[in-house]
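Note that the chains are named A, B and C in the order they appear, and that numbering of residues resets to 1 at the start of each chain.
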Amino acid sequence: MKTYDYTIEPDVIEKNPTLSEINDVVAAPMEAPPSNGWKVALGISFTMLIIGALSLGYSLYYGLGAWGNNQPVGWAFPIVNFVFWVGIGHAGTLISAILFLFRQKWRTGIARFAEAMTIFAVMTAGIFPLIHTGRPWLAGYLFPLPNQHGLWVNFNSPLLWDVFAVSTYFTVSLVFWYVGLIPDFAMLRDRTKKKINKFFYSLFSLGWRHSNRHWNHYEMLYLVLAGFATPLVLSVHTIVSFDFAVSILPGWHATIFPPYFVAGAVFSGFAMVQNVLIVLRKLFKMEHIITIDTLEKMNKVLLATGMMVGYAYGMEFFIAWYSGNPLESFVFINRAFGNYAWAYWIMVTCNVVFPQLFWVRKLRRNLVVMFIVGVFVNIGMWFERFVITVTSLSRDFLPSSWDYYKPTLFDFGILIGSFGLFFTLVILFIKFAPVVSISEVKGVLKSSQPHHH
Amino acid sequence: MEIDNKKLYGVGALFTSPNKVSDAAAKIAEKGYQDWDVHSSYPIHGMPKKMKLKWSPLGYFALIFGLTGTSIGLFLTYWTMSVDYPMIIGGKPSFSLPAFIPVLFELTVLLAAVGTALTMLFVLFKLPNNRHPLHDTDYMKEVSVDKSGIVVEAKDKLFNREEIIEIFKQLGADKILDINLDSDEVNYQPKILEPKFLIFLVIVAFGISFLGYFVNNKLLFMTPFNFMVDQQRLDAQSKSEFFRDGFGMRLPVEGTVARGQVYYQYKGKPELAEANLINPLVPSEKVLALGKKKYNTFCSPCHDYHGTGNGRLNGQFPNPPSLHSEKVRNWKDGHIYHIIVEGQNIMPSYALQLTEDERWSIIHYIRALQRSMNAKEEDLK
Amino acid sequence: MSEFEFKYERKELKTKYFTWGIVLLIIGLVGGIFGYIVDNERAAFANVIALTWITSIGIGAMFLIAIEYIVGAVWSVPFRRVAEFLSSLVLVAPLVALPALLNLHSIFHWSHIDAVETDFVLKNKSPYLNESFFYIRFIVTFLLWFLFYFMITRNSRIQDNTKDQSLTKKNAVLSAIFLPIFAITVTFFAIDWLMSLEPHWFSTIFGVYYFAGSVLATLAAFTFIAIKMHDNEYFSVKMSNDSFYSMGALLFAFTNFWAYIAFSQFMLIWYANLPEETFWYIARGNGSWMIWSLGIIVVKFIVPYAILLPQPAKSDKKRLKIVSLWILFGHFYDLYWLAMPTLNPAGVSISWIDFVFPAFAVGLLIVVFHIVSKNKNLVPIGDPRLRRGIEFKL
C-alpha cells in the first residue's frame, strides 16, 4: 500500500509546470500541422458519419418502414440512441458545474473537454427526436409558435418537456462553454502570429483583456452558471425519464426513474469522457495536466454511479414483486429470463459487475483496464436503455400482440452515424480550440496564487 | 507635456510573483486611484478584496432574469392551455401546474443563464472591444502568458507619471513600461451607430425576418417525399381522363344493393307511398332525440329549427313552405317520407344522407314540432 | 508547517443545554408512557416518528463522516467530532424503537394475520411483511450500523493520540464499504417503518426520499451544533466563514435535492394516476391533510430555499442557525405527514401525544450528545488533514 500524506494538498497538475509551459502545451496541437493520427481518426469518424447520413437519407426517402420499429415496439433505436447520447452529455455538466460547486480542483484539467463533449453529445442526441417522425422538416411544430391551426403544443406532454429541456440544456451548455473559452481565446490571440488566426481569435475573444475588474464579475457569473447548470442537468435526464415514467406501462412506470436515469447518465458520460481523455492525453502529451490521479477519481465516480444504477435495478425488481402487481412482476421476470434476457445480462454485467474491478487501486490506475471497463460501461448503458424500451413494449398487455423486435441495417447505420458525428465534432474540436482550460489550470497551480500571510 | 499625456494611455508594471502583485494592488487601491486595473490571465485569489472592488451584482441579474423566465412560462402555459385553446388531457384540469413545472423550470434556467451571461459580456464589460489601447501591446503579450500586471491610466485624476513609476519601483515591479496610444487610437471616437454596425443590424433583421417567413409559411408546409399521397389512384371528387363522363367518383354498377339499403318501390308515386308506407318506429325519447339531431343537421338550414320555413339559408334559396300548414299536418307519414327520399320542387333527395330509421325519426320529430304549434286541448291535461 | 499554530485545549460542554435536554427527555418519557396508556395507537405512531427522526440523524451523521473520508473533504475535518457524536444516536435508536416493537399491532396493518389472509395483495407480500422477518431485518440493520459506527469512530479516536495517517486511509476504505451497505439498509429501514404503514402502497423512490430528508436533517443538526460550539470556542480556533459557507451550500443543495425527489415521486404518481398508487396522495389531500400537504412545500422547500438563496446567507452564522432549526422542525413535519394520515384518515388531528415524542427525541439528542462527548476531544486533533481544514479557504 502506498503511503499517503494527508497533511498537504495534493497537486492537481503534476511536474510543476510554469505558466508559460501551460500555454505552450495547450496551444501546441492547434499550432502544429495536423498529424497523421489525427487525419486517420478524422477519416474513420467521418466515414462513420457518412454511413449514418446515407442510412438516414434512405430512411427519410423510403419512410420509416426501413427501420425495425413496428407494433408493438413503436419506440426502439431512435429513443434508445437519444437517451444514450443525452446521457453522455451529462458528465460534462457534472464536471464543469457540480464539481465546481463542490470545489473539486481536479476537475480543471478535464472540464473544458467534458463541456465540449456535452455540447456534441446533445447535438447528436437532438437528431433523434427530429428524425424519429420521418418528417424532420416539420419540427417547427414542436415549438409553441402560433400556427394556422390555432393549435398550441401540448404542455402536458413529457415529449414537449423534452424539447424545452434539451434545447435549454444545449443553449446553457454552449454559453457555459463559450464563457470559459473567452480568456483562452484571448491568450491565443496574443500568442498567434498568423493573421487569419488572429482575426478569428479576436472575434471570439471579444477583446477580452485579462482585467481583474472583469475577473471579479466573471467568477460570479461562473458561480451563477454553475448554480443553474446543476439543477438543469438533473432536470434534463429527469425529464427524459418522464418520457417513460409518466406512462402506465409496466417496467416504465417507476418513481425511482428520475434519479436512476440521472445516475445512469453520469455513469455513461464519465465512461465516455474517461475513454477519450485516455487517448487525448497520450496524443497531446498532457499526462501531467490530465493526470492518472484525475482518471482514478473519475473511476471512483464510475464505481459509485455504477452502484447507484445497480441499486435502482435491484429496487425496481424488489418493488415489482412487493407491489403485488402481476403485470409488473411479469415484466421484470421477462426482462431477466425472457426473450431479451441476453440484453438484460449484458446490461447487468457491464454496468454493475465490471465496474467492481475499480475497488482495487491497481486496476483503477491501470490505463488499459480502465479503458476497457469504460467501453463496457458504455455498451452496458446503451443496453440499459434498450432493455427498458424494448422489453416493456414487446410484451403487450395482450399476448396476441407480443412480438420480437429486430433492428434493421438502417437502424445500425444511424447508430454508427451518431458515433461518427460525435467523434467528428470531437476530433475537429481538439484541433481548433484549446482542449484544456488554460486560465483554470493556471489558477490551480500552487505557484500562481498568492500565499496567505 | 500636454501632447505626451494625450498619447500616453497609462503606465504599466509587470510582476512575476503573485504575492507581489496582490500587495501592489492593495497599495494602489489605498492611494485612492480610480482608473487602474490589474491584469492576469487567470483570476487571482483575493484580488477583488485587495482592489476594493464591489461585490458583483450579477446574482441579482440572475434572479431577475430567472423570475422573468418563470413568469413567461407561467403565462405561456396558462394562456395556451387554459384560455386560448383549453384542453383536458389525461383527465387533468386544463391548468395543471405540476405538469407545467418542467417547462417553467427550463425557461427559468434558460433566461437566467443566458441573460446573465449576456449582461456581463455586453452590458457590464461593453465587449466586444478589440480596439482597447491595451491590445497588441507588449504589456498585454506578457500578461497573457505568465506575468501579472497593473496599469494606472493617464486619465486618472491623481495621475502623475513619475510618481507612479516610483511607486511601482518600490513595489518591486519586474518591468515598468509606458503604454502609448497608437495614432489611429488617438483620433478614434467610439460611436454606437457606426455604418458597419448599422449594416450588420439590417442584415440581422432581414435574416431573421426571412427565416421566420420561410419556417412559418414554407418549411412547415413542405412535403419533400409525398409518394404516399401521390399514388396512382383517384381521390374523392377528382377529375378523371379515363372515364368518359370525366368524374373520378363512380356510381355503383346498375342493380347493386348496398348493405342495409332497401329498394324504394314508390319512385315517382307519392300517392302510393302515402297510402302504403307506415312509420315503423314508435315515438320514444331515443327516436325523437335522433330525429331532432338529424332534423337540425339536414332540414333546419331551410326549414328552420321549428319548421317555419324561415331557415338560415333565407335569402339564398326561396323559403320552403311552413311545415305547420294544414296541408302538411294532414299528410300521412308516408308522404313526408317520400319527399325526404325523392325531394320536391327545389328540395333535393336526402336518401343518401339519411338512413331509413333516421328518416322515420325525423318524421316523428316533425310531428312533435307540428304538435307544439297546434296543440290540442287534450295536450294540456 | 512551522507557521501552523494550533493548540487544542479540551473543554467540556456546558451543562446548561444538558439540563434542558434532561428536562425534555423526562417530559417526553413520562408523556410517552402516559400516551401509551391513554391512546396506544397514537402513541405508537408518534413513537415511529420519533424513531425515524432519531435514526435519520444518527445514520445521516455516519453518512456525512463516510462522505468526508471518501471525497477527501477538508473543511469538515475540524467539525468531524460533531458528526461522530451525532452518529452515536444510532446506538440509542433501538431503545426508542422498543415500545413501538412491543406495539407492532397498533402500527402495522400487515401484522394482523387475519387481515392479511383475506387480502390478496398483502398475502402476496407476506413473505416480506411478516413479524419475524421484520425483526430480523431490524436486528441485522442495526448490527451493521453498530459495527461501522464502532470501527470508524474508534479509528478516529485512536488517531488523536497516535496521529497515524494510515488510520485515515483505513477509515476511507471502511467508508467505501459502508456506503453501499448504508444505501441498502436505509432503504429497507424506510420501507419497513414508513412505507409499510400503508402496506398496499409502494414507490421505488421511497428509500431515496427518506435518505434525502435524513441527510438534510443531519446537516441541519450538524450545522447548528457546529456553529454553536464554534462560537462558544470549544474548538480553540476561529474558523473563517468559508467553512460555514460549505455548510450553508450543502443545506441549500440538499433542500433542493429533497424537493427534487419529492416532486419526482409526486409527479409520476399524480400523472400516471394509477389507483393502486394515487390513493396514498389522495389520503394526504383528504380534509385538512390538504393544508398540511401544501404546507410541506412551504416548510421544507420554500422557506429554507428563500433563506439560503442569497450568497451571503450561506456563510452568515446567524441565519444558518435559524434555518437549521427550521429544517429540523421540517423533518418532523415531513415524517408526521408520511405516517399520520394512516392513523387519522379524515383529517389532521393533533393531540398532546404528538408533541411529547418529538420532545423526547430532541431531549435524547441533546443528552446523548453530551454524554458521548464527555472526556473526548471535541476536535480530531490527530487527523492529518486538520490543519488544511482549519486553514480552509474557498
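Here is the rule we go by: a residue touches a chain if its C-beta (ideal position, glycine included) is under 8 Å from a C-beta of that chain, and two chains touch if they have at least 3 such contacts.
What you see is a predicted model; the values in this text were computed from it and never measured.
For chain pairs A-C and A-B, the one joined by more C-beta pairs in contact is A-B.
Of all the chains shown, the one with its CA centroid nearest the global CA centroid is A.
Centre-to-centre, using mean CA coordinates, chain B is 47 Å away from chain C. Mean C-alpha position of chain A lies 34 Å from that of chain C. With centres taken as mean Cα positions, chain B sits 30 Å from chain A. Residue positions of chain A touching 2 or more other chains, listed in rising order: 231, 242. Multi-chain contact residues of chain C, defined as those touching 2 or more other chains: 267, 271, 393.
Residue positions of chain B touching 2 or more other chains, listed in rising order: 45, 59, 90, 99. On chain C, the positions that touch chain A within their shared complex are 1, 70-71, 74, 120-122, 124-125, 128, 165-166, 168-169, 176, 179-180, 183-184, 187, 191, 200, 202-208, 249, 253, 256, 260-261, 264-265, 267-269, 271-272, 274, 276, 383-385, 387-388, 391, 393-394. Within the complex formed with chain A, the chain B residues making contact are 18-19, 21-22, 25, 37-48, 51, 53, 56, 58-59, 62, 66, 76-77, 80-81, 84-85, 87, 89-90, 92, 96, 99-100, 102-103, 105-107, 109-110, 112-114, 116-117, 120-121, 124-125, 127-132, 134-135, 140-141, 143-146, 215-216, 219-220, 222, 224-225, 228.
On chain A, the positions that touch chain C within their shared complex are 1, 3-9, 101-104, 231, 234, 238, 242, 245-248, 253-259, 300, 304, 307-308, 311-312, 315-316, 319, 322-325, 359, 452. Of all residues in chain B, those touching chain C in their complex are 45, 59, 90-91, 98-99, 101. Contact residues of chain A toward chain B in the complex are 18-20, 23, 60-61, 63, 137-138, 140-141, 144-145, 147, 150-158, 160-161, 164-165, 168, 171-172, 175-176, 179, 182-183, 186-187, 190-191, 202-203, 206-221, 224-225, 227-229, 231-232, 235, 239, 242, 438-440, 442-443, 447-451.
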